[in-house]
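Shared between the two complexes below is subunit A, which has subunit B as its partner in the first and subunit C in the second.
After this line comes the complex of A and B, so read on.
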């Protein structure tokens, strides 16, 4: 089973891959809306990407108000 | 009319297959322009029926199949009218949407929705009129209407109830959450999953198979396995209009339209 650090790193890697940003430019405490300049629909794309990768379902209401990668990883971790 | 190119969509007939492509920025919101073009298609269906086996509905917009009703237009249209006239305008719009949905639902040819990205609210209601939903694995489905104080108004609940089990219907409707394509397939909403960017290709392959069958048998089979729940659809119109008349709905629409939140689509 993954620990939180591993999950966080996988979330960062998937965001880097999905939004095509340079490796190493994202950190766990980053606000992904501000750092990636994404909107609600792009956030949903990331949600689908994460659900497919981790094989989980993450209801929207569990990530409402979440804007940093670390907290997002925590929500995912609780579903693993 | 074998081909058409409107403001919000276009279609083209070829070898027994009509490809109807939704294409209105930003995400195929269903407002008066999209509805008028869909009505054009419904009007043309009679002339297409005789030599059409399949209609594929897809989107050319990157964001997805459709984000649902055009809430900005709905809000601005509502506040432009005196309070007593608001419900008349909304009822007319909803009844027109139902007429389009019922016609597509009852089409004698097979209908396939090739879905990618967001398929929310009215967009999901349009997809639910189709016989087969083929989804890109990154597609998402939702009925977020409750966060506006509404229910789906274009026939979504009766069609969802017709096709799926109560557990999922209530979960989707009462939480307003979105679900991914894999979950949608697991509950029977999605018939086939496609790889990223492959939904239309898979839909075309499926359509090619369907064209091989006898037209009369195909139409009879569809009619037999897919009854249209007219009584419940009419009840839905009444309930939607009743709820729309309540003050919280206009307040929620105002909040949505004026929102600068990065995630206004999420409940």
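After this line comes the complex of A and C, so read on.
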């Protein structure tokens, strides 16, 4: 079973791959809308990738209002 | 379609629709690639009546208010129908608001009943503000896990009574819904919409964009929004059409749904429409040059033949591959909630997919103007709908002035706020606060806003007063939030931004620590509500006797500054 730090790191790695940014440029507290310059729809696309990776389903409502990687990882962790 | 001129209320019309179209499919609900539910109008009635009866048995009666806070799904519509059947007034709230905002509006609306989903209730129950909304006597929660702590709520699925409910008639002038157009942080603006507002709006809209049994509407915009309530519930139901709900609005599932359910209509906000455009453009770019040339040629042919009006059959033949991506049955994309850029509208029209672009505000019902597509005009928001009187007040030399509206679809006023209501009207005309002009063919062209607010591409209305709470106790002498275009008027409906005006203490400077404090507070707001930059201002802010900031006078002072150099980006 992963702990929250591991989950957070995997979320960051997947975001780096998905949005094609340089490794090490994202940190857990980053606001992904600002840091990546993405809109809410692009954020939703990342969720599907995260669901596949972690083998879970995240209802849209669960991630409503979430804008940083750490909180996103917490929501995922609660469903692992 | 039912003859809505014969009806007095939403409830009466929907009641008849359920029997008139008993065997037609009214709802399909899917979650990812799984279809969860498919209901005929008769089955819908069988689900709704026990709920209506159970509501009645609690004493819920004519004029009582019930709120729904839910993502789009069949239970939203079943609950709304039950409320209307029992003579209640519906308070549809945006599920994306924070628990604190929800409680504030629940209290303001005076709702006796709240119907919500378990994940939303979990957050609401955990928020302290609930204690002050003691008007909410009954909470019904959907899809709660078996052993969940419901914190005093009841399970929606078990809230049933067998005897048939008694239909409660209402009059056209009675309040059907209280729809909040803003005011989550400041002064709530609860638009009191009458049954007549909806009945008249439905007749007007369906005269241009008709529904019939077999039509499938994909419901993506939240149903609490005026557009989806009309074209994703009341409109299709009174015509025997079918509404498709998706529980997950990820782009890939939305794309799939078009083809899987042969969607006829969909409503989108500009942000989503632009996203679809980008996706298509990217795919066009990837085509080999020869295929690209063929595509461009076919688009050219389509443009030539659809100049005066859409020709769906022809467009589907010419550009079959593109139309197949949308299920092959899509007639029109309805776009609303915010201003859409003409090039996006034209892009879709050239592909043979007309976009019904319009203009409206909650206070005036769903829509004031809509493009009738005869011919398509990407540069305008269309002509006034039947029954709408629209005039331009105090026009400048170029004809641009404030848009005023008068019609049977305009709200009765703001709930519990006669002062705000009086400010919104002038001699029976609703003052929209938007600027525009009519062209020679009667199409309305919008060109800016004179009110202190912004509308995002996601269709969200943001009022500065509503977000100021997050900056409370900021270590400065005083502050005030403005829409930048209100301070420095700009002939534009896109790219609107909020700014934070700061008056620092004597000898205080704008330090990195202060900037970081502002950024941290700003980040507590949902991303679309955040301020874009800071403007530093000398001198005390002008205030009323009750110490409220005189925003209009302060805006005039700000306007003396040069916009581009005054705004310090965050």
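Throughout what follows, the second predicted complex is superposed on the first by the 80 of 80 C-alpha atoms of A that agree within 3 Å, B and C clash if a C-alpha of one lies under 4 Å from a C-alpha of the other, contacts with A are read in each partner's own complex, and residues count from 1 in each chain.
One rule holds in what follows: a contact is a pair of C-beta atoms (placed from the backbone, for glycine too) under 8 Å apart; a residue touches a chain by one contact, two chains touch by 3 or more.
Note that the structure is a prediction, hence the values are computed from the model and not measured.
Participant: Based on the superposed arrangement, let me know which partner A:39 touches: subunit B (first), subunit C (second), both, or neither?
Facilitator: both
Participant: Taking the superposition as given, does A:52 touch the first partner, subunit B, the second, subunit C, both, or neither?
Facilitator: So A:52 only meets subunit B here.
Participant: Return first, second, both or neither, reflecting whether A:27 touches subunit B, subunit C, both chains, or no partner chain.
Facilitator: After superposition on chain A, A:27 lies in contact with neither partner.
Participant: Which subunit A residues lie in the overlap of the subunit B contact set and the subunit C contact set?
Facilitator: The answer is residues 33, 39-41, 44-45, 47-48, 57, 59-61, 64, 67 of subunit A.
Participant: Which part of subunit A faces subunit B closely enough to touch in the complex?
Facilitator: 33, 38-41, 43-45, 47-49, 51-52, 57, 59-61, 63-64, 67
Participant: Help me check something: in the complex, which residues belonging to subunit B touch subunit A?
Facilitator: 27, 63-64, 67, 117-118, 137-140, 142, 175-183, 261-267
Participant: Hey, which residues of subunit C end up touching subunit A in the complex?
Facilitator: Within the complex, subunit C contacts subunit A at residues 32, 71, 95-96, 98, 117, 119-120, 247-252, 271-272, 275, 458, 523, 526-528.
Participant: Under the stated contact criterion, what part of subunit A meets subunit C in this complex?
Facilitator: 31, 33-34, 39-41, 44-45, 47-48, 57, 59-62, 64-65, 67
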